[in-house]
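Look for subunit A in each of the two complexes below; its partner is subunit B in the first and subunit C in the second.
== the complex of A and B ==
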């Protein structure tokens, strides 16, 4: 993956997930962050820190992004969610506007 | 996201990652961070700020039911900055007023966008449920109320705009792009703002201007020159609208020009000595006749006037011809018909009503002649 098309998402524990920008923009919040006119630190370095989201949840969310792109292209599979994660996942989804 | 499978499970106590209390002190602290950020944004100091941190602060405030504090704090802070901008605009020197206004407007817009992005969570959740104005609209309304409608700025803005337009009418070159930015700003604030703060006065002062101009011209020009001037003015106004006014103004200003330049002086023009309609017909002035046709077309009763005068003239000449009863009567008659056919074709776009009027007047005086079959 080329550097310019990716963005780094960092979890509360410091884990770094490097994903395509297209995938990250499934989240409205991230999309706004990256396209905001102000020169915020995020747009400069291409990385966003989420001190409130744990690694496990962030990993699931990244998976969700890719699944969502696939689904939009016609590949209608299921997205498995472990029940233990649901509550935190929902909070994160609300936060990220996904 | 898709719903989880139905299975009994234990929900662990959900712990907030941060020490987030629901006490007002926390809210105060959070708000201060945000307020500081807004100040930075308006002072062009925002680079290097961590968007996520600000976003999460706004998010937390709304989540813990401090949305009201957030919203009213936002209003106060923006108002404070707008008042500052307002003073700086008021203090601008002659000639730099519009530029200052425009540059502050651009600053405000940029800041507003950034603020809206940070407060997006509030926009999404708190505002719909409390029916308050969304951030972007709020920013526009505040701009309108604090800056545009401030007593010193409102009149100065209107006067400056009108003065520049008048200077352009007198032949000066003005900064059209700046004008366009300003009128666009007024439209962005709402078409009623555009109309009340600018358009109404514009139409009124233009009417006044054209009334005076037409008086001047009608004394000094003959009909054909006058019509040329009228056409030139109409084109000029149309071009003005396309360059820096809102498209909807075109119809209104055109009506004003038509009324003052043409409608008020229609009758006098048509009957003008040595250059009126009759003279044009006699001298076969097709271009001028065509111009009169297209200009009078725009005003009510314009056509009727031309038609009536033409008809009575035809009847008059016809009657004369009949009375004289010369040798080549028929030939002269045919000449007359050719002449008018040409006029109607070249100048009046083969307008049927004119053709009919012509035919009936011809019939009228032919009937007078006992000799015609």
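== the complex of A and C ==
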């Protein structure tokens, strides 16, 4: 995988998730960060830090990105959400326009 | 974190929306409870077709709904998220008095509980806990009482309250909202107990823009309390009457100072021409509904002073030719409904100059072919109703130049097949009602150029199998009715490929068999299907399985029982809510 095809998402605790850019762009917020020229440092480094999103939530979000891509390609499975994560995940989803 | 939820105020305009009204009916019977969850799925869910991926936000909200018992409070969430959870619970009918508690002190802005089952005073604590955040509350159809309404006193920023069909609210209850001076919209339709005196509670609501008191029979004499509500733009006092009492001319007087009124509805009151004189000064009035009022053409004197008037409903009034020359003064009219008045061609002469007219309803008037000659200059005309008139084939030539016509109703006229040729050039026609016995296959043959047709009513027209071949030209048809008995399964072959159909009525065609259902099984867009009085049997029902959108199915007087349909409903037709036999 070429580096320019990936992005690094960094959680509040500093945990790094390297995922496909295509997957990350499922989030409207991340898409804006990566595509608006010059305005975000993220565009250059391919790195986005989320000081308000915990590792466990960010992992779930990355899973959703990939699930969403599969769904769009016709693989319509259930996306499991653990009840104890729902509210925190919801706030992150709201922020990420996902 | 950003806000993803915008407040949808428009939905509150939809007082009569079928949506939850229907579901409430079904909630009351336990056996149909499953319908509640299937039929009332949230809007987002309905729109989500195959392949469209649900957002993570949606998935989380559905999950929250599923696990709602886990949550004691949502007050730590941003309000826009809480609002989405609330709406989801309401739309899916999962909100209960218990789960409601989690929404205490959530600073919610919109609580749309209109027609929601079980809402009563016990809900008011949580509702009022939204405090000054609450902008809009819909309690229509609830069991809220006067004392429950008292709770709203603390919601000082309320802009919009809907108390339609809240039968337990009286004059006393209205006092509790009399200080909510930020209110811009208030509705309490169908309240039988509020009196003229109770109306005094409204006097202080100086910011009211919209007031809806439809079917409140006791309010006559109380409109005097509205005099200070000069911001009022819309007032609905339709049907405020009993056998003895009604809105009268005297009630019109206080309205004369409400010069910002744009929309006034006083249908079925006892207002006469004398009362209408009080409206002369309403220079912004653009919509006036006088349906069923004992007014005559003499009121046109006053109405001609209303320079902004665009829509006028005079259906079932006492309008005659006498004085009808004043119609010519209403030059800005776009919509005119004169149905069920004793007017003749002599009245239509005065319509000539109403060149802005887009809609004209002459249903059941005594007009004929000659009268239509006066309509030739009305080039903006889109909607024309000539049902139940003396219009015949000769008159239609006067319509052939009205190239903007989109909807023409010729039901129960004397129009014949020959006359229909005059409409062949009007390719803008989308809706055509030809429900008349003398129309036959030949008439349909004359109309094949109308390829934009979406609605075609041939209910009583004598269409046979050979006539159906012309239907192939109408690929955009959404609604089709052919019910005069002349069709067999062979004719249905020409209907089976009309894939845009959502309503199909083939009842009274007693020769149709199960083969018909097999033929139309590919019409999966059908929402309503009627093949009553035919030879359909229970064995044919299996062909309906692909019709996942079907909400209404009528198979009366067929060899089909209610149980047969119920079986199909539970196995294959989740959206079916209305069926016969029942």
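Please note the rule applied: the second predicted complex is superposed on the first by the 97 of 98 C-alpha atoms of A that agree within 3 Å, B and C clash if a C-alpha of one lies under 4 Å from a C-alpha of the other, contacts with A are read in each partner's own complex, and residues count from 1 in each chain.
One rule holds in what follows: a residue touches a chain if its C-beta (ideal position, glycine included) is under 8 Å from a C-beta of that chain, and two chains touch if they have at least 3 such contacts.
Computed from a predicted model, the values in this text were never measured in an experiment.
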Partner chain(s) touched by A:48 [first = subunit B, second = subunit C, both, neither]: first
Subunit B versus subunit C as contact partner of A:97, first or second or both or neither: both
Touching partner for A:81 - first (subunit B), second (subunit C), both, neither: both
Touching partner for A:72 - first (subunit B), second (subunit C), both, neither: second
First (subunit B), second (subunit C), both or neither touched by A:89: both
Partner chain in contact with A:33 - subunit B first, subunit C second, else both or neither: first
Touching both subunit C and subunit B, counted on subunit A across the two superposed complexes: 29, 52, 64, 79, 81, 83, 86-87, 89-91, 93, 95, 97-98
For the subunit B and subunit A complex, residues of the former touching the latter: 1-2, 4-5, 7, 9, 11-12, 14, 17-18, 41, 46-52, 55-56, 59, 110, 113-114, 117, 120-121, 124
For the subunit C and subunit A complex, residues of the former touching the latter: 1-4, 50-51, 53, 55-57, 59-61, 63-64, 67, 70-71, 74, 77-78, 80-81
Sites on subunit A touched by subunit C in the complex: 29, 52, 61, 64, 68, 71-72, 74, 76, 79, 81, 83, 86-87, 89-91, 93-98
Subunit B-facing residues of subunit A, complex: 12, 28-29, 32-33, 36-44, 48-52, 54, 64, 78-79, 81, 83-84, 86-91, 93, 95, 97-98
